[in-house]
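Both complexes shown next keep chain A, but they swap its partner, so chain B is in the first and chain C is in the second.
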Partner chain A sequence: MVIAAVTGFPLIFAVVMSVSNVKVGGGGFDFSGLTLDNFEIVFKSEKWRYALAFTTFYTVVTVLAELVLGVLIALVVERLGASRGWMLGLLLIPWSLITVISATLWRYVYAAGYGVASWALTLVGFDDPVILGNSTSAIAALMVADVWKTTPFVAIIALAGLVSIPKELYEAAEVDGSSGWRTFWSITLPLIRSALLTAVLFRVLQAFGLFDLPFVLTGGGPGSSTTSLAMLGYNTMFTNLRFGPGAAIAVSTALIVTLGCLAFTRVFRAQVGSREG
Partner chain B sequence: MRRRKGSRVGLAVATALVVIFLVAPLYWLFVGSLQTGDGIAAVPPQLVPADPTLENYVQAFGQHRFGRYILNSIVVSATATAVVLGLGIFAGYALARMPIRGKTPILMGLLMISVFPVIAVVAPLYLMLLKLNWLNSYQGLIVPYVAFNLPFAIWILRNHFLDVPVALEESARIDGASNLRIVTKIIVPTVLPGIFTAGVFCFSACWQEFLMAISFNSSISSRTIPVGVALFSGEYTVPYGKLFAGSVAAVAPIMILVFAFRKTVASGLAAGAVKG
Partner chain C sequence: MKNASNPGRSHTTRVLCAVAASAALALVSACGSDTPSGDATGGATGGATGGNAAKGPSGTITYAGNTVQVGATIDVGDRLIEMFEAAYPDIKVERVEVPNDTDTIRSTLTTEISAGAGPDVYSGDMIWPAQFAAAGLAAPLSDYLSDDYFDTFAPGLIEGATYQGKVYSAPWYTDNGHLFYRADLLEKHGLEVPKTWDELIEASNTIVAAGDAKYGYVFQAASYEGGTCSFVELLADTKAKVLNDAGDASSLDSAEGVAALELMKKLVDSGASPAAVSTFQESEATNLFAGGEAVFMRNWGGLWGTVQDEESSKVVGKVGIAPMPGVDGIGYSSTGGWGLYLNPNSENVDAAIAFIEFVTSTEAQLMTATEFAMIPTVTSARNDPAAAENNPVMAVAPDVKFISRPANTPVYPAVSEALYTNMNAAMTGSVTPADAIKAASQQIDTALSGAGL
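Up next, the complex of A and B:
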């Protein structure tokens, strides 16, 4: 009996999850009494298209920046030797900070007039910068805040990959007279590739669900220039109380993510496979 | 050898840059929490507060109910973590040891669910909680938090169970121990670090979660910390000082905990990513 309970549990859990996913569609249909109308409304709406484009662009840029910065930081920390533990602790701190609090902090940093970032911009010649009042700079500001919070995650994973590379390989490369640059491209990077791939996958999926940061930092504005898919869905449902289209936005986001997951199935399978048997 | 000296200076500079990158925003949070109106809005910004005060802390916990938000967060996060660990230990053990059909799809499903965007399930959950009359209640957040955090906890725990030598279990079984007894008396003590890691992850995720919390629990008395901070506003201006004071109080314990157990937490983070 115990065995049945133990083995049955994950299966039951999977069923429960699938039921709650099905109900997303159900919620949408129940409210409108129609079938595909909500999706049609959503797909035809400018706002949805913009949110999709913005979320995709945002995801690509931030994840790329985090990847580059994360690897650089990992390379630095890896060389520290004994004090590596301290840096590890420091890296974990932004990761453990509540996103909403980090967003509030950045809002203060960007504040027009007295924010540190605004002040720094006046020093280099900008007159009264209003960072969050302009679409382009608001998007950039959002990205900077995100990169600060999540780069450490990538760095920690890259670091774990770096540490696992046998030292002999580097020694052999040095004996062969390989340059530092070349060693990095032909030894380091290929060997931490699988670790980085997983980090990127997790980050892409998280970035695609972007909500907390724009909710607090920009409120989706100015206009709706920083409204992500999740924010659009939330506003449609809870501010405008249009549950039908809101659910349709949610479901379409979920579908895109699921397709993304399936495209990356290989990565997930590699994860499972690497620990099997 | 020729490069050594140059690269050592380079390393020091790079390290300093990384430290500044990581710490500067947090320092600013802390400095802000010690300043009232004038200091907060000073131009140019004061890198060291001229007139530090604890007034913000007093007000954050007095009239602004930060104590209540923190209490709510503790109740929700701690309960969810306890349930996740209770269930996750058995599920993780089963997936590591028992012959289950379709193990690979289950594991892949678990990993995928753990990164699934919350927005996809907020609407149906909201309607369900509304029907149950569970909006603005502890259980209304605890149940979805368990559902969302269980998969990753199972994943971490399974990986740790895989590292326990099978011989240890077999000798216990020969001595006549039951499955339950083997799990509680032998396996759990040996994978304690894994349980700890899963616990920290689950707790930290619940502590930070915002979308579900603001959708389901937005009444003042049931707000968790992120909701309290996000919906916190003054009459005319944003009261950054008080906000930051409450925030520092809310995150400092977690940060100290994470810093103290940095090795375990970091290895847990990396466990999903580095080929074993």
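Up next, the complex of A and C:
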């Protein structure tokens, strides 16, 4: 009951806010009317369309990269014997860092002039590179920081899936003369698919809510090229104090990501299922 | 977030305040204190309730002030409270910690105040009055304080704090854009302190070419509020106007507007400034300058202390500060600074007003000027020789030409965002200055019409 109230209240509040004319004030929020104006403002805004495209692109690329790298790491770690525990511990370090802190670390890495990454780029022929001062490289820099931090999460979930695969299956495959590649596609992958599905859903939900990395690293820039939906919503609400449109961004983002996840789950089930059959 | 614990605490405080406030109110109206009480606490029940009703405002108030520290020892807020409580023994002030980032402070205050709580008195950026007034997040100080009080401030400051005829903020300290320079390097090369951009570019290139510094001129051109500050200086320099006189439409899209952005770009293209300025906020510029890697820096005068601090700077004693250069002759300096605001939810308005008055008294302003190198806002303290002593920022003040950001509109944050995002895009080279100005101008119009995000 309490949990339902705690979860439900902010959700309902946001939805109510998004369909009202909201006025802030010393005495609290003042709602009036039932209107879709807020959504109209949002959907017609070029800023919103850009943020949606950027956030979607960012989510797709980072989650795919994390999925591939995570499975590879899990396959390697699974074969380690006694050192597996240590490896797991090491793996968890980036994941356990609070994003704001890891983002601050990356800020030093990317800093023009004295950053390690900038220095490395000068070695391969770039003249005084400004990684965060160019849209393309700034987006890539955010993605690298994200993949660095969250691949371990995918790896650990994938590892949990791998460990649960009975050894007999691999032995049988070997007896049948199946190649390593074939074994991976026909046995390993199908059997860890539900683990991977969980990992991907978690990651999509998180990546779509991208906020702290660009907030610390780029402030949404250069220009507004790394302004994610969450940042746009935050700015609209708390910098511009336009609560109605801000809530509309939040509500529409939640709907989009939920629908996206549902669609993905169906496709994923169908895909991997057909492979099995 | 330390502030997360505030609402609870301030609620308890509030109950205590309510009792104290009614006592305080009674005596203010009774003995005609020099604080014009106006309609002070509105519907609060009057009537003398306590024995302390003969002394002036009393009770407890909360104060959320931004942090200014010297040598990481004592915070200016604690020092002011100490002085205030000595002068007003019946009032107790509790200092509330605030985040260290202006936008985070704003969002914290917005959520607290719109939820009916928040600190009685808070310090806020001087660009907030219109937005906060329009959103009901600040109470009009001019309802409680007289014109005589507002006349004590330096000219121009109160206009900036006024929205629709009422004053919403008591200017606490100001800060302006300045040119910091390496006096030793200029002397070595027989150069004068540049008064124009061309001189600055030439001096930068000479000194960098000689290998005496890595960079010429560093400034703030990142995609953030500080980028707007740097930009409006150049806009004023090329005589461009951001808003029309009525303040209801953009007048940025003009030859002058484009010239300002081209000038900013030229600083990088000429080699005087590194391309990385497009990622620079105050701290990045300061790090390079204090590390001895840059000859010139545009930054807030308030950072003089950091540049002259042995612990954080390698250039102590080798630097000077001057007005900003311009196209021909001295250019413009953005005005920044902070003011004190009254929370409309405050239940101890008299004590809160007493605190605001005290912080802007000559005595307190001289203390903050001498101990914390903050530039006073009241004329008496600004003219006091003690304030200028050991403070070269004050010493150049008479030559500085000030320019305010176009903050007299409640949608200023969106106006500023249009300025800094497009300025930044042009600085990174992804769009031309002309296209950036056109886009900024359109976004400003959208913001003013309230139709877009």
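Rule of thumb we're sticking to: the second predicted complex is superposed on the first by the 224 of 277 C-alpha atoms of A that agree within 3 Å, B and C clash if a C-alpha of one lies under 4 Å from a C-alpha of the other, contacts with A are read in each partner's own complex, and residues count from 1 in each chain.
Throughout what follows, a contact is a pair of C-beta atoms (placed from the backbone, for glycine too) under 8 Å apart; a residue touches a chain by one contact, two chains touch by 3 or more.
Fair warning: this is a prediction, and the values are worked out from it, not measured in the lab.
Judged by the touch definition given at the top, the superposed model places A:93 against chain B, while chain C stays out of reach. Contacts of A:238 after superposition: both chain B and chain C are touched. Counting the residues of chain A that each partner touches, chain B and chain C differ, and the larger count belongs to B.
In the superposition on chain A, A:116 makes contact with chain B only, while chain C stays out of contact range. In the superposed pair of complexes, A:54 makes contact with neither chain B nor chain C. Of the two partner chains placed by superposition, only chain C is touched by A:45; chain B is not. Residue contacts after overlaying the shared chain place A:247 against chain B, while chain C stays out of touching range. Residue contacts after overlaying the shared chain place A:212 against chain B, while chain C stays out of touching range. Residue overlap on chain A between the chain B contacts of one complex and the chain C contacts of the other covers 23-24, 26-28, 113, 234, 237-238, 249. Per the touch definition, chain B reaches chain A in the complex via residues 11, 14-15, 18-19, 21-23, 25-26, 28-29, 32, 40-45, 87, 90-91, 93-95, 98, 100, 104, 106-113, 115-128, 147, 150-151, 154, 158-159, 162, 178-180, 204, 207-208, 210-211, 214-215, 225-227, 229-230, 238, 240, 243-244, 247, 250-251, 254-255, 258-259, 262-263, 265-267, 269-270, 272-276.
In the complex of the two chains, the chain C residues touching chain A come out as 103, 106-107, 110-111, 113-116, 131, 135-137, 139, 214, 222-224, 274-276, 278-279, 284, 288, 293, 343-345, 411, 413-414, 417, 421-422, 424-425, 427-431, 451-453.
Across the complex, chain A meets chain C through its residues 23-29, 41-42, 44-45, 47-48, 111-113, 128, 130, 132-135, 218-225, 232, 234-242, 245, 249.
Residues 2-3, 5-7, 9-11, 13-14, 16-17, 20-21, 23-24, 26-28, 73, 76-77, 79-80, 85, 87-102, 104-109, 113-114, 116, 119, 148, 152-153, 156-157, 159-161, 164, 194-195, 198-199, 201-202, 205-206, 208-209, 211-212, 215-216, 229-230, 233-234, 237-238, 243, 246-247, 249-251, 253-254, 257-258, 261, 265, 268-276 of chain A are the ones touching chain B in the complex.
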